[in-house]
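Once you've had a glance at the structure underneath, I'll fire off some questions.
So that you can tell them apart, the chains are marked A, B, C, D and E in the order they are listed, and the count of residues begins at 1 in each.
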Amino acid sequence: ADQVTLQLKWVTQAQFAGYYVALDKGFYAEEGLDVTIKPGGPDIAPAQVIAGGGADVVLDWMPSALASREKGLALVNIAQPFKSSGMMLTCRKDAGVASPADFKGKTLGVWFFGNEYPFLSWMSKLGYSTEGGADGVTVLKQGFNVDPILQGQAACVSTMTYNEYWQIIDAGLSPDDLVVFKYEDQGVATLEDGMYVLEDNLKDPAFVEKMVKFVRASMKGWKWAEENPDDAAMIVLDNDASGAQTEAHQKRMMGEVAKLTAGSNGALDPADYERTVASLLSGGSDPVISKAPEGAWTHMITDKALN
Amino acid sequence: MTAAQANETAAPVISAKGLNLTFQTNDGPVHALKDVNLEINKGDFVSFIGPSGCGKTTFLRVMADLEKPTAGSITVNGVSPEEARKTRAYGYVFQHAGLYPWRTIGGNIRLPLEIMGYTKSDQDERVKRVLDLVELSGFEKKFPWQLSGGMQQRASIARALAFDADILLMDEPFGALDEIVRDHLNEQLLQLWARTNKTIGFVTHSIPEAVYLSTRIVVMSPRPGRITDVIESTLPRERPLDIRDTPEFLEIAHRVREGLRAGHAYDD
Amino acid sequence: MTAAQANETAAPVISAKGLNLTFQTNDGPVHALKDVNLEINKGDFVSFIGPSGCGKTTFLRVMADLEKPTAGSITVNGVSPEEARKTRAYGYVFQHAGLYPWRTIGGNIRLPLEIMGYTKSDQDERVKRVLDLVELSGFEKKFPWQLSGGMQQRASIARALAFDADILLMDEPFGALDEIVRDHLNEQLLQLWARTNKTIGFVTHSIPEAVYLSTRIVVMSPRPGRITDVIESTLPRERPLDIRDTPEFLEIAHRVREGLRAGHAYDD
Amino acid sequence: MGWIVFGVIAWALGWGLNVWLSRLPRSRATGLAVPVVFGITLLLIWESIVRGFGISPVLLPAPSAIAGRFVASTGILWEDFVQTVLKGALSGYVFGCGAAFLTAVVVDRFPFLRRGLLPVGNFVAALPIIGMAPILVMWFGFDWQSKAAVVVVMVFFPMLVNTVEGLQATDAMQRDLMRTYASGYWTTLRKLRLPAAMPFIFNGLKIATTLALIGAIVAEFFGSPIRGMGFRISTSVGQLALDLVWAEIVVAAIVGSAFYGGVALLEKAVTFWHPSQRG
Amino acid sequence: MRKSFLPVLTVVAAIFVLWYAMAVVLNAAWAKDQAKRAGVELSFSELVADTWAQDKPKLPAPHQVAAEIWETTVEKKITSKRSLVFHSGITLSSTLLGFVLGTVLGIGLAVGIVYNRVMDMSVMPWVIASQTIPILAIAPMIIVVLNAVGISGLLPKAIISMYLSFFPVVVGMVKGLRSPDMMQLDQMRTWNATASQQFWKLRLPSSMPYLFASLKIAMAASLVGAIVGELPTGAVAGLGARLLAGSYYGQTIQIWSALIMAAALAACLVAIIGLIQRVTLKRMGMA
């Protein structure tokens, strides 16, 4: 069987249910693929992993992938299972935040490690400096959790609709205490969790063939997961080596993730891509990417896979 | 001065009666001193000699209140060793010079003076005087490790002399030195003793040294340490080094050796 | 045996000519040996005596190829010290017994034999023999720290005797022992020497020890170490301990002391 | 290929030079030159391996690239240095070591406490304290205070154990001497036990220097303001700016060595009398 | 040993008292906050009870941690991913591998330094400098880079452990191999011993006490390396992963139980070395 190694962007959780389902239900095996899924983590850069040959295909957020491309690492998007962005900024009402206009002078928690780009372009769109001061916002490098908002160290923290938001709720704050700003609603949404490969590899027909099978099986997994969210969550749970995930949380996460993948058959919508690039280019004095990339995505794989 | 001196000689400076000391160790009790009786008078120079481990050091430490006897009584100047220690009656010289490496020779000698609260000018004056006494003037600013073993030992004696302790206890102070240097220091010690009229307790392994220096020689037996012989020296107070070739000297040395050998087991 | 012996006595075992040794130190050069000439014959017992730091140890080390002279020549059994060392001509006994704490007494004595590649049975036999020789049979299985200082020193001598070195170099082997034990070991060493007819070089600080043991006494002066006197002993080979009270002994001792004192500056 | 040959030549030359240097009589100059030559050789080999094998700069940048980035980013590096080293590591170091020292003096006063605390302290000193970092960040917030707290916790016990041990380091004879002078507790402490403890105290201080830097940097992984060496390292890895990562590592190595060297120099000055320092 | 039993017990008891007190102090704010939201007033005893029983306390009380440890060690199958024993085993294996690698590397370097003049003069400063590199901070990168050259699984973590643990071994062994005094070395010379005889019969045995002292430090360092090496490997498994996952989900009880488990592991490993040390040195007649 053909070997394929997939590097996830984050730890094993329902965010990646489609792949685990495909593995568990034998969709990959049916295609004749032997797939290894490598969980990610707070300091694993998927781009670095693929550059080092540690994976054939990686999941990454498009801003980070495009930035890597500008750094000389030619990543190409071959499929996009996530149609919409799950990113939001969640704020405490009692910190005095009701609209983006209130960010000024506040402290905001942000993920870094290549995940900061959407936030930065949003802020530059709003015209806020991220260097602190009365006219800007003070940025915290948010750690692995949502503590800063719970403890009042930050007015807002970054959250995903399917994950961190619920951790805040679980911690005892009620939705009434919170205000959320979805990147989608603010018009600064960027594409998340796409599949990326190295451009050079696409010149190899055998590799392309392998990816076609991989994408096809993965999408089958995703669609299965959307239809059977609870079972998918249990599959994810079975694959979590850390034994730290809880059933309730994963099932809820699967439900939220399904909303984000629902709109996609796996093929990248060029309009979404253009919107993402536009947003990244608009970053004022220090844009995330300096010019529109060329060849950063292809339908070559999905065209074959989905027909 | 001489009248007062005569007066003091009447009462013994150190008086030990039925002294016993047992150390509790992991291998069981060690009986270090057994039924020790001794009187030392003002101005005496008493040497303690005996095989290794017989309790010489222990006895000296009991006198200086560094060890408490488990039975018997001991008085120093008529009071307990502890009280005597608190009145700073002792100058103690250990086998190894034991100078503090982080202090200069001068600083080492100054140490007891600082602790006892002498004034700065008094300190300076005393340090200078005792350095002269042990012929170390000019080495005040040196650190101990920059001096030879003999010089270090002299500095440590100077340290014990810097304050006015009238009892000097010396535990094999010259054990580590070569014979010539040792002879020389013996001579100087005798002169010093003659000049200051201190009471001196002196531990040694060397028979000639004991005979040459002492007014009395206390011979001790192996464990449990007992006093087997106390030999009064018939030598005059004035003692040139040559005295060691006189028949009188050899006679005393012979007596000491016999006393020692009697207690020695030869199996080590 | 006796014929061969007489034959060997003809050529000196050790012959030093115009030996000089200067150590380069941070404080400038130290002239440790200066113009040293000496011949040692087969079966000699030669003592080296002199003030501390005069170069006794250095001289012994030069003989054993532990130090290279900066000038002059030295031969051992007619060859260079290095070649002599490679043929394992030396038994060297240091001031401190220097037994390995992780080896038993037997293991310590066996150590040089292992290194020199003796067979197992030969090792056993030799260890047994030298243990007998120094009267330590029965202590083979003990560790060094379970023995007294005197016994350790005897073990260390046994170690130097276990292999067939015909030159025994001893650097203050009894310096750390008390007088009684020392007397006893001196006696034993003499007996051993008489029995084995080894050539012995012996460093000591003690005048009586030097006189009691040696056929020749080499007196050295302080730095730069020179030989100031070589005293041939007139004492018979057979020497009971009492010999030390004879006028002949005292006469030689006096000569040594005079020789020593002449070179001593008293400021050590 | 050319670069690989260059690397081999550099290695041979460097080694040969060092063999030659080490045969010269030992002096301050050769003592310095040998490790420097060794280091330069390592860098040359590194450079030629990266170039020769065409290793992606995303994985391992060449020394020349790192040097270039270092020079170009001194502003950022300085800002991070201030945040992590001066605010986080140094304050935690001073506070942690100071507190440990005072605790040791108190503990030493009471044998009961000493007997109880020393085994516990030894135990804690061997624990993976760094694991407390996420907790301390949770307790003390995101800024340098939490980094300092991590450093305090990390250096406290090694320092405590060393100081207590040092205060016990006087030999019986030295203490007896003070006794014959009828010297009191505080006098003995000041005149004998503190000076005698200095080699041990400095041992603790030296161990603490490396711990302090590591603690401050690693703690930044669990949340930080957007400056600091740990922040920069993790963020730059994510941005594939590996040259900047290595520039930060160079800063850390220089700062760490300087910190250690500084304490060692101070030690030399204070414990000049100790046999290990007389050399 | 017996003499320090009572004092140690007292100190440990004091730590527990302090711990409970701190739990009240640290967790009170949250308890009050929750109560205010729910509109109830807490009495002091209710407050204390609440602070010792929260789900995600700032500082869990000892009994909460104990219960969690009990649950995840005794009540779970060892093979279960939720078993702390399972995770300890994973951490242990990379700790031990790293420790062995570090010890071998350390001893090798020390031998080189002692026997080779060039190494003596050139290596030591760099060994010291190497430890100023915050390896822990770049651990994730190291793991990714090692992965790139085909080294994965246990080894990358073990290499981080090795990097931390070889240092104390080098330092200790250089000291230990140099601990024979001049006299002992000269003695070997008079016997015309070869370099290898000198090493096996003199230098190595004399270095044993130093070796064991270093091994204890190295073992502790190795465990730190393994844990930190696990943090970024995608929270897959091991105590470090538990620590991270706990932190990620704000599960303080889980963090603390992983921490305590790591501490216990460290203590056991160090104690085992201590035991070997005692036996060896006793057999060598050096204890």
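The criterion applied here is as follows: a residue touches a chain if its C-beta (ideal position, glycine included) is under 8 Å from a C-beta of that chain, and two chains touch if they have at least 3 such contacts.
Please read all numbers here as calculations on a predicted model, not as lab measurements.
Contact with chain C and chain D alike is made by B, E. Minimum number of contact steps separating chain B from chain D: 1.
When the partners of chain A are compared with those of chain C, the chains appearing in both lists are E.
Inter-chain spacing, taken between the CA centroids of chain B and chain E, is 53 Å. Centre-to-centre separation between chain A and chain B, using Cα means, comes to 86 Å. Chain D and chain E, compared by their mean Cα positions, are separated by 18 Å.
Contacts with at least two other chains are made by no residue of chain B.
For chain A, residues touching at least two other chains, in rising order: 42-43, 45, 48, 51-52, 143-144, 147. Multi-chain contact residues of chain D, defined as those touching 2 or more other chains: 59, 134, 138, 221-222, 234, 237.
Chains touching one another, given as pairs, are A-D, A-E, B-C, B-D, C-E, D-E. Note for the complex: chain D touches chain E at residues 15, 18-19, 21-23, 30-31, 34-35, 37-39, 42, 59-60, 112-120, 123, 126-128, 130-132, 134-135, 138-139, 210, 213-214, 217-218, 221-222, 229-230, 233-234, 237, 242, 245, 249, 252-257, 259-260. By the touch criterion given at the top, residues 51-52, 135, 148-151, 177-181, 184, 205-207, 245, 250, 260-261, 264, 266, 268 of chain B touch chain C in their complex.
Those residues of chain D that touch chain B in the complex are listed here as 173-174, 176-183, 187, 191-192, 195-196, 198, 271-275, 278. Residues 183-184, 186-193, 197, 201-202, 205-206, 208, 284-286 of chain E are the ones touching chain C in the complex.
Contact residues on chain D toward chain A in their complex (touch as defined above): 56-59, 134, 137-138, 141-142, 220-226, 231, 234-235, 237-241.
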